[in-house]
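Structures for review follow.
Okay, so subunit A shows up in both of these, paired with subunit B first and subunit C after.
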Partner chain A sequence: MSSLLQVEHVSKIFGGLKAVEDVSLHVEEGELVALIGPNGAGKTTLFNALTGVSPATEGTVTFNGVSLDKKKPYQVAKMGIARTFQNIRLFHQLSVRENLQAAMTHRYKEDFVSSILRLPTFTKKEALVNGWTDEILAKLDLSAVGDTITANLPYGTQRRVEIARAVASDPKLIFLDEPAAGMNPEETADLTALIRRLQSEFGLTVVLIEHDMSLVMNLAERIYVLEHGKLIAEGTPAEIQNNDAVITAYLGGGVHA
Partner chain B sequence: MHTAMQQIINGLSLGSIYALLALGYTMVYGIIKLINFAHGDVYMLGAFWGYFIINKYHVDFIVALLSAMIVTAFAGMLIEYLAYRPLRNSPRITALITAIGVSYFLENGMSYLFGANTRNFPQVVQQHNYTAFGISISNIQLLILVTAIILMVLLQLIIQKTKMGTAMRAVAVDQEAAALVGINPDHVISFTFGLGSALAGAAGVLIGLYYNSIDPLMGMTPGIKAFVAAVVGGIGSVPGAAIGGFLIGLLETGVQAIGLSAYKDAAVYVVLILILIVLPAGLLGKNVKEKV
Partner chain C sequence: MTKKKLQANSLWLLVMIIGFVVINLLVYVGVIDSFIENMLVTIGINIILATGLNLIIGFSGQFSLGHAGFMAIGAYATGIILQTVPTVGGFIGSIIVGIVIAIIAAIIVGVPTLRLSGDYLAIATMGAAEIIRVVINNMKITNGAAGLFNIPQFATWPVVYALVCVTTIVIVNFAHSRAGRAIQAIRDDEIAAEAVGVNPTKWKLAAFVLGAATAAIGGSLHASYIQTIAPSDFGIMNSIALLIIVVLGGVGSMTGTFLAAIVLGVLDTVLQSFGTLRMVIYAVALIVIMVFKPSGLLGRYEFSFARVLNRHKKEDAA
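Moving on, here comes the complex of A and B:
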């Protein structure tokens, strides 16, 4: 059986700089995988290559049996890959509900005339979309802030809304780019629980970039370690914690006289 | 008092034309940060289409208006596709200069193909004046006002209630994030040009009826004034553009009423300068910092 996400020999070159070099990895359906590495290791670049934002220079990416080569970001999203961003990128002037509904536009057909004239088909469609929205809001404990403009929400809640928006696009796989960045320990604990629920309740496959090692070791089933654009290790949290190459990458090489 | 009321009515009629035009400027700016200087010429195309179809097929006002909106919507989308889309990732100044180029192309293209002379717009609606309390209003003024208000309400419904409207608002904030939740930015941008251009086309037919004369350069001055209206209202803000349009219309007729007809254009530009100095974000604009 093939993997949900299969990345083979992917490189991303900016001018002379190899930001990602010959990375191959796979993610199975329902897995929770973490991608770690020091700053500048190429983790976000890899995410960008996988979501079509900044396509890979070399290599192939297959999702659900379909090649993602030359797919534009919106096509990748429609195929079932969602993501969040390192620095939150919500539609700030819109309410939480509107943010979620903006992510649902590819999930239903709309007949323009009936929308303008508010015919019964429109009311039915509106009820459907509102139903989806209410469900996600309830599951992610956001019902109370549904009508709030997202720019006015606290940081931790904005992160949660961004995850909710990704869920609203009905993905199979979700990429989370440093979801715990800037969060206090309490918020991080909530987030950990939330990510678990993405996997268990929503049946999502999760790929996570994170610097918070306690969160990663706590959550991830498998970990990939990236350094200078190359994969240097792969394994379970226990294996990674005892991997010499990883320890060297994070703590610096031993100094020999 | 009567004169003032009379001028307000005249100002509102003219203002609704500016408002319809300003909406197109502000929507396009909101979504791709481009001042589409060819927008006034799309309005000219709408007027010429109305002239053509009424003279040739003797259609009534509604058919002329709707068909002009459809034709200009396609013209706007075509302009976007041919002229602006290839420059989507170029510096903004490149697209701006291109917009000026498109404007000259349309003006001179129309002059070349159909002649630069002014022509009479066929009066498909017979003018009547209604007088009450010493104030006179023509059925054409009423028609302009009512049509403009209906179109603005429809626009508001489209933006707030439809899926395309939601997508437009999302793309206006963050195009890349919108794409990553499954919105095709190209479709949304194309739709925005179509919508704005349809409103300009409607304005073109309405002004033809109101002023009775059209020519290939007719879009220049109203185009710039509508741009001023969009800036006054806060560029990027849809309600702002409508308010700005009415204000500019009122200002222009007001200046004429006090006997300074020769300075009516200057007054509009003075307002632009003042707004840029005192309230650069406009009346309803948000003072958003540029993204780095």
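Moving on, here comes the complex of A and C:
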């Protein structure tokens, strides 16, 4: 059996800087995997390489048996990989509903003529899209803010909307880049529950970058540790907590559950 | 939900018909003389041109300064064809020819330039429009710098009115569909839009091409209404005049574009008796509006019958 995501010998070089160096990893279908490491370790760079935002200098990536090399970001998204960003990137002038619906454009066809003339086929498609939207809003507890312009939402809600938007693109795999950053403990607890539901209820495979160690140790089934662009450890939360290399990387043992 | 939309659409249709009947009546009883009719037609053509530009700038976020170039294509298609085929059929055919050539030109211009952003795109589109103008200036069939005269007049005000309705329906419905959501997503954050499966090149080009096609329609109407066209009618200042309508009304608000086209059209007509002072007053009016309302007259507000109906429903219930 091959993995859902197979990363082989991926490197990313910026000028003289090896931000990611010879990283090989795999993610199985339905898994919840965390990617951790100190600031500047190359975690976001690796996400960008895997999603085509900033392609890898070397190495190959296979998703669901298909090579992602040379695929553009929108093609990667259509194949079933969604992501959130370390610095929230919402469509800030659009409402929450519109943000989700902008992520659904590849899930249905709507031809020019029927949308201009508002033909029944158009109305039917819009009803379908509205149905999907209502369902995601309800499941992610966002129904009350559906018509709110996202720029006017509190920070924690914006993070939730970004996850909802990723779900709206109907992915198999979702990359979350520091979803808990800037959240208070209560919001982090809600987020932890939500990420767990992404896996159990939505059937998604989740790869998570996070600095909040209690969240990581709580959620992740398997953890990869990146330092200076290289993978230095892989294992279960228990294994990682007792890994000498990891403890050294985090300056003499800052890793507590 | 669907029933309310149907109601709202019927109301819009009613407004269009009433507007037509009322203006017709006023022409008939003589309240609207040829002077005012001229103003109305100019406003109508400006609405067609500026709504298309607002689609490109306000909805897809592409700062284009080349709208007059696409207008020129439509104008010359109509001018040239009407001189050999001076019939209604020739007029309709010329509009279609103008649209097709404008679409081809928009694709040729758009594919390389829409990768650029902001100021760079503005300069590139400005250059493209200038190339179109220079080409027209140097061709035999367009009669060079002298331009075309005595173009038969088929663009009477009912024709202009009907085409204002048609192009507005096309643009507004485009903006409120799958395509509209895609282009607005790209406008707000191109990287995020790509990450959710939106192909930026494709959708930016779609908006650009649609805007160019409506500009060609505006150009055709202009040619067959004014009856005289010259390359100098389609320079950078004409693109900027359209940009002013969009910015003044509110970037991203089609209602605002209507309002601004009407306000500026009336202002322009009223000020004609002021002679040279006219441009000064016009400019001061613009500055005052932009100082006190930097986001334009309406910001991003859109008038919507559906919303009015909704509010009514709520008040009834209360």
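Convention: the second predicted complex is superposed on the first by the 251 of 257 C-alpha atoms of A that agree within 3 Å, B and C clash if a C-alpha of one lies under 4 Å from a C-alpha of the other, contacts with A are read in each partner's own complex, and residues count from 1 in each chain.
By our rule, a contact is a pair of C-beta atoms (placed from the backbone, for glycine too) under 8 Å apart; a residue touches a chain by one contact, two chains touch by 3 or more.
What you are looking at is a predicted structure, and each value in this text was computed from that prediction instead of being measured.
A.B. asks: Could you classify subunit B and subunit C on subunit A, in the superposed arrangement, as clash or fit?
C.D. replies: Aligned through their shared chain, the two binders clash on subunit A.
A.B. asks: In the overlay, answer first, second, both or neither for which of subunit B and subunit C A:R160 touches.
C.D. replies: neither
A.B. asks: After the superposition on A, what does A:T123 contact: first (subunit B), second (subunit C), both or neither?
C.D. replies: In the superposed model, A:T123 contacts subunit C only, not subunit B.
A.B. asks: After lining up the shared chain so the two structures overlap, which partner does A:K12 touch, if you call subunit B first and subunit C second: first, second, both or neither?
C.D. replies: Neither partner.
A.B. asks: Residue by residue on subunit A, keep only those touching subunit B in one complex and subunit C in the other, then list them.
C.D. replies: 51, 53, 72-74, 77-78, 82-83, 85, 89-94, 98-99, 101-103, 105-106, 108, 110, 112, 115-116, 118, 165-166, 168-169
A.B. asks: Going by the contact rule at the top, pick out the subunit A residues touching subunit C in the complex.
C.D. replies: Those in contact with subunit C are residues 51, 53, 72-74, 77-78, 82-83, 85, 89-94, 98-99, 101-103, 105-106, 108, 110, 112, 115-118, 122-123, 125-127, 129-130, 165-166, 168-169.
A.B. asks: Inside the complex, what are the residues of subunit C that reach subunit A?
C.D. replies: Per the touch definition, subunit C meets subunit A at residues 1-2, 5, 9, 169-170, 173-174, 177-179, 181-182, 184-185, 187-189, 191-200, 252, 300.
A.B. asks: Quick check on the complex: what are the subunit B residues that touch subunit A?
C.D. replies: Interface residues on subunit B, with respect to subunit A: 154, 157-158, 161-164, 166-167, 169-170, 173-174, 176-185, 286.
A.B. asks: Would you tell me which residues of subunit A are touching subunit B in their complex?
C.D. replies: Residues in contact with subunit B: 51, 53, 72-74, 76-78, 82-83, 85, 89-94, 98-99, 101-103, 105-108, 110, 112, 115-116, 118, 165-166, 168-169.
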